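Take this structure first; my questions come after.
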Amino acid sequence: MSETTYKYFKVTVPEPWIAHVEIHRPGHLNAVSDDVWREMRVVFHRISIDPSVRSVVFSGSGEKAFSVGIDLKWISKEGSPFIPNPDEHVDPARRATALRRLGVELQECISSIEKCEKPVICTMHGYALGLATDICSAADVRICSKDTVFCVKEVDLGIASDVGILSRLPKAVGSYTWVKDVAMTGRNFGADEALRVGFVSSVLPTKKDAVDEAFKVARVLSEKSPVAVQTVKHFLDYSREHTVAEGLQYQLAYNISAIQAKDVPTAIAALKSKKRPVFEKL
Amino acid sequence: MSETTYKYFKVTVPEPWIAHVEIHRPGHLNAVSDDVWREMRVVFHRISIDPSVRSVVFSGSGEKAFSVGIDLKWISKEGSPFIPNPDEHVDPARRATALRRLGVELQECISSIEKCEKPVICTMHGYALGLATDICSAADVRICSKDTVFCVKEVDLGIASDVGILSRLPKAVGSYTWVKDVAMTGRNFGADEALRVGFVSSVLPTKKDAVDEAFKVARVLSEKSPVAVQTVKHFLDYSREHTVAEGLQYQLAYNISAIQAKDVPTAIAALKSKKRPVFEKL
Amino acid sequence: MSETTYKYFKVTVPEPWIAHVEIHRPGHLNAVSDDVWREMRVVFHRISIDPSVRSVVFSGSGEKAFSVGIDLKWISKEGSPFIPNPDEHVDPARRATALRRLGVELQECISSIEKCEKPVICTMHGYALGLATDICSAADVRICSKDTVFCVKEVDLGIASDVGILSRLPKAVGSYTWVKDVAMTGRNFGADEALRVGFVSSVLPTKKDAVDEAFKVARVLSEKSPVAVQTVKHFLDYSREHTVAEGLQYQLAYNISAIQAKDVPTAIAALKSKKRPVFEKL
Amino acid sequence: MSETTYKYFKVTVPEPWIAHVEIHRPGHLNAVSDDVWREMRVVFHRISIDPSVRSVVFSGSGEKAFSVGIDLKWISKEGSPFIPNPDEHVDPARRATALRRLGVELQECISSIEKCEKPVICTMHGYALGLATDICSAADVRICSKDTVFCVKEVDLGIASDVGILSRLPKAVGSYTWVKDVAMTGRNFGADEALRVGFVSSVLPTKKDAVDEAFKVARVLSEKSPVAVQTVKHFLDYSREHTVAEGLQYQLAYNISAIQAKDVPTAIAALKSKKRPVFEKL
Amino acid sequence: MSETTYKYFKVTVPEPWIAHVEIHRPGHLNAVSDDVWREMRVVFHRISIDPSVRSVVFSGSGEKAFSVGIDLKWISKEGSPFIPNPDEHVDPARRATALRRLGVELQECISSIEKCEKPVICTMHGYALGLATDICSAADVRICSKDTVFCVKEVDLGIASDVGILSRLPKAVGSYTWVKDVAMTGRNFGADEALRVGFVSSVLPTKKDAVDEAFKVARVLSEKSPVAVQTVKHFLDYSREHTVAEGLQYQLAYNISAIQAKDVPTAIAALKSKKRPVFEKL
Amino acid sequence: MSETTYKYFKVTVPEPWIAHVEIHRPGHLNAVSDDVWREMRVVFHRISIDPSVRSVVFSGSGEKAFSVGIDLKWISKEGSPFIPNPDEHVDPARRATALRRLGVELQECISSIEKCEKPVICTMHGYALGLATDICSAADVRICSKDTVFCVKEVDLGIASDVGILSRLPKAVGSYTWVKDVAMTGRNFGADEALRVGFVSSVLPTKKDAVDEAFKVARVLSEKSPVAVQTVKHFLDYSREHTVAEGLQYQLAYNISAIQAKDVPTAIAALKSKKRPVFEKL
């Protein structure tokens, strides 16, 4: 992977097969405005089809926050999508069309993490508020440090989020009463609560520990058949949205080519010989 | 909200914006017969469209029970829907039609809690058996006291519940083996087990504590934009039944008018000034 | 139930109404090849329609393993579905057709546990790896001993499982990040972790304890109305795949005949008299 | 059926088992305002559960029109749902809530025809414009006279209909290009075109002929088992919305009580003896 | 294909690649009882996986009828599924279970035509009543002779069909009012009406002409790539049940192995050289 | 709309509000290769958000063909997606990944017509073969000249189309037996047959007549409220993929902002005054 320069993201390849994506907006606690989310889509789209990457660690740069969420300065300006200019009397239906186009774009930018063909391990620390919780809910594996503070903040802006959290959270954790509690009250919740309800897989003492743990997982994934790992991600996301019967039918249709990969005899031989297998790029 | 007099329910407004609904059938441990569930629908339907209410606390009156569930005396009488009069030889298809109409009505009465536009925080204490478990599973947030005993009792009446619990429970908690265990055995489970599997959000020492906690949550909700809070409830219930992609599409269609609420600039201004926002009725 | 002799399964009726099914392939740690899964389908199909059985305990014979999963010897032979004979140049589309037919059959064999009309309580101990985890995920109630080791192993064979675990696991437990973690890494997880995420209902010290516990549950089920118990199993599996509204509609359509069972007055009379009810065969 | 007096509808029982419902707003060409659609719901709801009715003929009174659709005078008044009072500055989100509640009610009123348990044969003549086309698309069988003029008029009010035609039309006829043509252009189409695309079942020379033909069909239906006829209506509406596999599953669940009707042996005996069967009320 | 002897079916291979299946119950106008439908499943299952067959012509033997439908003698006997023995007082729920198992089996027997991997061209002539209409609606292409009489007869037995026609007919033709008309009235309809609404593809003067036409279509299909033809059948049946987006996703997953068939370069070379291609068995 | 120069398309604005898009590949009968379909996506994406366009006429330039479909020269070259280079031994799973990415892109390019916010009236003439039939099936209204020849050609390339026709055709016309016939045989069908089954809305004598007719429709659409027209297109495509109940719910959510358009009072006033309304850009 050639290391591209981005404005709001640092993307590096600290070891073979693993990309490290960092939201990087120092001085703003990685707050997210429209420029940030558009660039995020570019980042994940490129990684998705880059054969030299097999897994992704996603985190926020700096010590204080994964991200404080939407850039409050940006949205509270007159003329922002949320604060129309008082002089303009825009027709509600035409304002609706503009809002819909913006919304579709923001939804796609966040979904680019989920649609990235490579697994994304997201580590959160410090603040992970509002839009930041939306964003991390689109990742595959979530790991956080002890000090992380999450919230479904949008309700305090007078709106119900439509960019992901209210669609993904009921399918990401197993307690519907808890989901309604945090989404309607907008209250903060911490790392331990996130672990207890299953929103994160593990909690580590510090940001550094959390990122190290994410790299451990990423390394395990990068040593396996990329056909197998990427197909597992795809199958799980398919299953989340379909009945068991439909999941089985689709998986089989898809697998009858995937199973013909050379990776299968390679992996089986490695299992028997207990040597590390080597897989072709994908 | 004008305080209406009901036969089986006490409905009060102990503080602005918050309705308190109590099943109130003293001497019967709040047992539920057809008259009770029909009145329940009336209660929640009125609250749903009452602009002076922003959140609801739902509990059972008395110290012993949220409700013992279906009124055993009522259903075990000859001539009840379950014990046909032995002299009548009703055609099975015609008896089926009568049972279906009754069943649809009972389903709608219970679903009136879920369909109530305002969030419903349900507190359980003491017995919350059978039909009572069905009923509370239709609420948004569930809080209980330490002594609460739940069960999916219907199997002990020789029937599989068709009024809600077997539809909602698999989507309310995250352990499918646990759901099948309690639903097939009909065994009791207590507050701690309910918390562990995520069926309730929190467990408080006494009924009073649980109701106080429910009011705390209700108060938080009543101070936020009613557009936002009610939309969050609606979006989550929509998401539970749809794919992420469909959830995103619907939420955006809905939100392009909701986001035009004056509540949005009001809420953003309040966030910046750290003053409490005031929202118009809804 | 007449006790049939099987090659890979021991099927006994140690007490009235309860069948005990054991995978029995000593010397192979109950490894599963195509002959094994085809026989498994026969076993569960027969039990499904046997009126003398009301509940099933399913376990693995021997002390070391519920099952080590797919028979590695079988699949790593040249000419197996996964290791095509190098001399044959099979057309990829025709190999795909052969793989699809095999896959559909294997899916049906595993689903025969879920489709068995009688509830299946599965107890795991020792190894429960790969295909064994797929298999137990199709049971209704899962109980295991302290020493059980599970894993979603297929990724180490270079493939994404298409025989059930990736369809059922996201609906069996409540933490999606955990599901992706174990399914993509293929790492082992133990009894306590399985309990914490809700994959098993309870963990007992030894295999014997776990099987005893399974029989306790099976006994409770066998004393209830078989109409009610089997309908509950069916309704829950239906609800898992449908919206609440569709679940309610289907359940009512189905129940208007089930509720006409003599079991209902029998059960209600028993509840009132506190005597044990006796139900007709089903 | 007791003949109730309605304000906008004439409901008679000209022969046993058959109700005749007529929109009756002379001097307004049967135009439909909110009072009219609310009363329509009452009419069809009563018929739905009236055991003395087995089929319904639905038409418009007078010679000129089935109905000219929405009452243009009503909607073009200031203060109507579509023409807000210019002095009031209603918050777009709150106006949206009012519009949604009105819309849900109107949708339910129209759907009451489809949900009526008894089959509804609708005959159109003269004008059947806009909302009238929406309304007749909710009936089961459509018959019209030669002079009928239909259109999907809403686009000429500056809106896309959300009360039924755009949901039902693509499922009622088989030419999607034709559906888009008439729904986007709002152009008129006549009886012959309606027959050619399958929107109506037959075209008769005059209104009288069309109503007579509808009575013929209604009479055939009223002589058959009401269990069978009403179940066919219900199954077809279920199938329209579900896969074949889901249709088969639901129909069987439902039918296992319906098939136990005495109507089955009665009907079979009649078929063999070629005598007219007599069925119990439903 | 080895020509097996069946009791109720004649199966021949009159020319390479084409199987001819005839319902053959002389003296009973090909009436269908439980033995007949069970054998039909065996017939189509064998053909489905027989590589020497590429297309199927399905017809009824004799001059008078494709089939008169269900065997009225069989169902009108006491003790049949529809006429319970008056002495036995079977519990309605247990009778329901027996009816459900029978129903599932009959549904599967009819669906075996649809699930047959090879395309089935069905030709009807003379009577094609009730169950015969159910059966032919599961075929891929329907051709009939001028004299064919169809009907959805079940309503005259006092039941709503649950074995296919009410699920498939709304998706097989484009006029929903017509579907409701014929399914609720049970009236006969002829070849021309069937052609007009799109239930059959073509009408030929005589049975012989219709069978010849079916062989012409079958011959065209048998000369094409069997991978392509069978995949088209499968994709269309998938699309009928899914959204366009889901259809596209599934087709691509499936096709990425099918497209690797040698048939593709073979077919393209044939197209360019205008020579007849030769494809490997499937 | 600024007139952009394209390589394979001519895009003009011959009259206000109406864009004319022509496939323009003279000397190749408008054959479609990967460069062509990628450019087509650009064309329709730009028009989709261009406020100066209200309707689109889409046709093929030249007298002989709308388009002969996929560029046979391109796909029959060694190294094309369908004819792999014989020296390269590409792993089937990796070839599958490449094919899937190409397929997703091609699907999106064709779907760009359906997703274009403005209605697209497509006129076909002469050859409209294979991929050309796929393409026109994504348009809203289809009009053709007498001499048009269609076919679902892919089966003659040894493949089942996965780029749209097999998903859209079963929902575009009402005769499923006809769909299977033309899609499995790949046979040609002409304008009259296309009209009879409802694949086209009208047939005109010549290409010129057909294009003129398309402009007539486009002109009607361009004079109506663009909010209303575009919403109708969107609602119909939504309804095609959802149940009636879901359609109604979504339409209402969407409409509560669309109905607040100034277009509504403008349109109603115009209806009453019989003057032509003027609507703001969208």
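In this document, chain identifiers A, B, C, D, E and F correspond to the written order of the chains, with residue numbering beginning at 1 in each.
Heads up, the rule we're going with is that a contact is a pair of C-beta atoms (placed from the backbone, for glycine too) under 8 Å apart; a residue touches a chain by one contact, two chains touch by 3 or more.
Only a predicted model underlies this, so the values are computations on that prediction, with no experimental measurement involved.
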| item | value |
| --- | --- |
| Magnitude of the superposing rotation for chain E and chain F (Cα, nearest 5°) | 120 |
| Interface numbering overlap (same over half, different under half) for chain D and chain E | different |
| Euclidean distance of C-alpha centroids - chain B vs chain F, Å | 48 |
| Rounded Å distance between chain A and chain C, as computed from the means of their C-alpha atoms | 33 |
| Chain C, residues touching no fewer than two other chains | 92, 96-97, 171, 173-175, 197-198, 227, 240, 253-254, 256-261, 263 |
| Residues of chain B touching chain A in the complex | 119, 140-142, 171-175, 197-201, 217, 220-221, 224-225, 227-229, 231-236, 239-240, 243-245, 247-248, 251-261, 263-269, 271-272, 277, 279 |
| Chain E partner contacts - residues on chain F that touch it in the complex | 72, 75-76, 81-83, 92, 95-97, 99-100, 103-104, 107, 111, 114, 154-164, 166-171, 173-181, 183-187, 197-198, 240-241 |
| In the complex, chain F residues that touch chain B | 249-250, 253-254, 256-257, 260 |
| Chain A - residues contacting chain F, complex | 49, 91-94, 96-97, 101, 227, 257-263, 280, 282 |
